[in-house]
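Letters are used for the chains, namely A, B and C, taken in the order the chains are written, and counting of residues starts over at 1 for each.
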Amino acid sequence: MELFTNQVLAGIATGAIYACMALAVVMIYQAIDHLNFAQGEMAMFSTFLSWQMMQWGIPYWGAFVLTLALSFVGGILIERLLFKPLAKAPVLTNVAGFIALFAIVNSVAGLIWDFTIKQYPTPFGSSPFLGSQLISTHQAGMIGVTVLLLILLFIFFQYTRMGLAMRAAASLPESARLVGINTSWMIALGWGMASAIGAIAGMLIAPVVFLEPNMMGGVLIYGFAAAVLGGLTSPLGAVIGGFLVGVFENLAGTYIPGVGNELKLPIALALIITVLVVKPAGLFGRPIVKRV
Amino acid sequence: MSAVEDVVNEAPAVEAVPKRAMTLGYGTSLVVLALLILVPLGVKNFIIFQLTMLLIYGLAVLALNILTGGSGQFSLGQSAFYAVGAYTSAILMEHANMNYALTLPIAGIICFGFGFLFGQPALRLSGVYLALATFALATAMPQLLKLGFFEHWTGGVQGLVVTKPDAPFGLPMSQDMWLYYFTLAITIGIYIASVNLLRSRSGRAFMAIRDNEIAASAMGVDVALYKTLAFGVSAGITGVAGGLGAIAVQFVAPDGYTITLAISLFLGMVVGGVGWLPGSIIGSAFIIFVPNIAEGISKGLSGAVFGVLLFLVIFLVPHGARQVAIVAQQLIGKLKKN
Amino acid sequence: MTAMLNVKDLRAYYGQVQALHGLSFALNEGSLTTLLGANGAGKTTTLRAICNMVRSTGAIEFEGKPLSGRSTENVVRLGIAHVPQGRGTFTTMTVEENLQLGAITRNDKAGVVSDIERMYQHFPVLKERHTQQAGTLSGGEQQMLAVARALMLRPRLMLLDEPSFGLAPLIVRDLFKILGKINREDKVTILVVEQNAQLALELADQAYVIETGRIVMSGNAKDIANNEDVRKSYLGY
């Protein structure tokens, strides 16, 4: 029993990573109704930017804020330059675009900063949290920041005009235009926000998984899975999904025989898909009613 | 991929391709066929090998085209079926001493069954959810192949070496050349069969499901049957391609069948034109040759160059090679009038 | 009276198919006009063309300003509200959020709040359901919501596409009464596209009849309603 609780707690701790990434995924989904496969790479690139700034002597929080701003602007630029032209193209072509972006960002990061692992600092320290061996202060800090982000996003979407406009533009673009919303800019804004949130996720994750160009690969998949599990329209669902995925992953590794590190990912995904077969809209997603 | 909300006015996630447009005209087909038969006669063995791979990946992209362009189901998991086909052939050849040609239909049938089975749970998923499920399948496969449990058969991490066959009846051609024509014959056979499948009642059922699943079922199409059938057929063809690939490359190993392969096949489908069967070979050419070109341009930035080239293609022809073909057709039509 | 909306030689296309073949008409300020015709005649296309939702050529002027080249949202911001076919309700949002969205381009917070109250007075059923998800409302209620949402823009011109569609006759009568009231009291110019010609002609001052993308009849609504030949050939009753 103690092993079980320990693994659950450890799962929650690692789950914070996925929860944070899942928030960025849901953010972009709210804006553009797609999943952006390159989001992990963009987050990685932002994290590298912050690392570079710190190498140049800028203190942690200064680099953090600057990176957020740059990521926001960068996200908007990428959308305007690369994806606005594809707005009328078929969905699958857009997906190919995401894949192309992935290749470009990954390759450029590798060239600039090479593939050796780098240490990345955490503002929370890494001592055991409240004396527990399972959660470090950094992981607690991650959970805290994720929850804070969630609250901020909730307030943004539910209580601000801009948030309402973005929700409308994502839900029914034509109707949104008919109330005067510039849906094209809403998409750009969504990209900017998702990029910034991704940067936060990257900067929180890097101290744990170490900074290198391929660090976000697995994280992104788990982030997607978490977002889907939680229901793609629900930021709260994404966060809870993230924690659940962390727990699933840990329990699968502990209790299912023969599951080493490599099989954890497919098993976790298989579990998630089982949930989806039962609850197709995810745990917190709104059930979809198809109009015939 | 927008599975979450379905608005009456929204276009289907996979664009509908009119039946007529899914194939080439007779004239162009003959030209392409002539090229495919004659070109290998004058080139070196290594090029012949590449051409063989071109056909093999073309088959795999064709299979994906039937699944996605035909029945509207999105799959990032084709590498899993390819791997199963490859290993089936390899194991049968090396452990059971079976003739290479015989292994292919077996690989096809096994993969058909595998795909059909996978299609069952996949019935309740679509769009982004199906993408995740197939993705899970693709990532699981290399790991499954490495499992100690199967090692005696699969050769574990190192995989198996496959013996390349000689040309039969003592024909005076190299192994590569024989394998090329063998593959070509199979490819042509499968291509014709696929075209006929899509023109048949089943094909129409696929497309009805792709365009509007609810309407299709309201009209009496057995959606469950056809969706799983599409998966099965697609997996079967991919399995045959995998078997051929194993023979051509002369070995199988788990890390040769990763998610990268599945993503490449997907890109091949998009570049060729989703649902346009002849485009499969163009997509295949893209995924075989463009990465090499990218590396030639810049070793350090090969990924970035590939990405840029891919962007160029999708900016210029968002609907893939099919768009080029349609434009060409219109131009020829205009010239004929003058 | 200068025309508020001037449409000259409007041709509209869906891909290669031409849906409108040189439509010309004008709307006077304060008028309530109805555009009638059979299914597929081009009524919806006309409204969509005004809002630049479909490819078109020709000159459309609103209060002297040309509309061509403007994006849909910019046309709306000039003061034209469009209640589309099918209502376009934001089904996943609450009734109140739908009304707020109608006013999303406005900067006068107090004005918006008081307008929402006015809408609840016009349409009491919306007040009852104001925290409910809009998708759970009945067809008639959603239509009221769509009209209310359009009014939140404080438009000078309101376009309505088949507001009676799928609604019970009694509800349609109520709705049309409200539209008349809005036209007279709030001074909103209205263009209503309708298949239900009888009711529409009772409500409107002016009428146009459109057939396969061309205007075949125009004039005073009462005259058209009383003209038996017109009614039989074009309006089916």
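The definition used in the following text is that a residue touches a chain if its C-beta (ideal position, glycine included) is under 8 Å from a C-beta of that chain, and two chains touch if they have at least 3 such contacts.
Here the structure is a predicted model, which means the values were calculated and not measured.
Greatest centre-to-centre distance from subunit B is found for C, with centres as Cα means.
Chain-level centrality, scored on Cα centres against the all-protein Cα centre, points to A. The highest number of C-beta contact pairs joins the chains A-B.
Spacing of subunit B relative to subunit C, judged by their CA centroids, is 50 angstrom. For this pair, subunit A with subunit B, the centres built from the Cα atoms lie 31 Å apart.
Averaged Cα coordinates give subunit A a centre that lies 42 Å from the centre of subunit C. Listed for subunit A are residues 171-172, 174, 233, each touching two or more other chains.
The multi-chain contact residues of subunit B, meaning those touching 2 or more other chains, are 5, 8-9. Of all residues in subunit C, those touching 2 or more other chains are 92, listed in ascending order.
Every residue of subunit A that touches subunit C in the complex is listed here, in rising order: 161, 164-165, 167-168, 171-172, 174-184, 233, 286, 289. For subunit A in complex with subunit B, the touching residues are 29, 33-35, 82, 85-86, 88-93, 95-97, 99-104, 106-108, 110-111, 171-172, 174, 221, 224-225, 228, 232-233, 258, 262-263, 265-266, 269-270, 272-273, 276-277, 280-281, 285, 288, 290-292.
Residues 1-9, 13-15, 68, 74, 121, 124-125, 128-129, 132-133, 135-137, 139-140, 143-144, 146-147, 149, 214-215, 218, 263, 266-267, 269-271, 274, 300-308, 310-311, 314-315, 318-320 of subunit B are the ones touching subunit A in the complex.
Taken together, the subunit C residues at the contact with subunit A in this complex read 51, 53, 71-73, 76-77, 81-82, 84, 88-90, 92-93, 97, 100-102, 104-105, 135, 149, 153.
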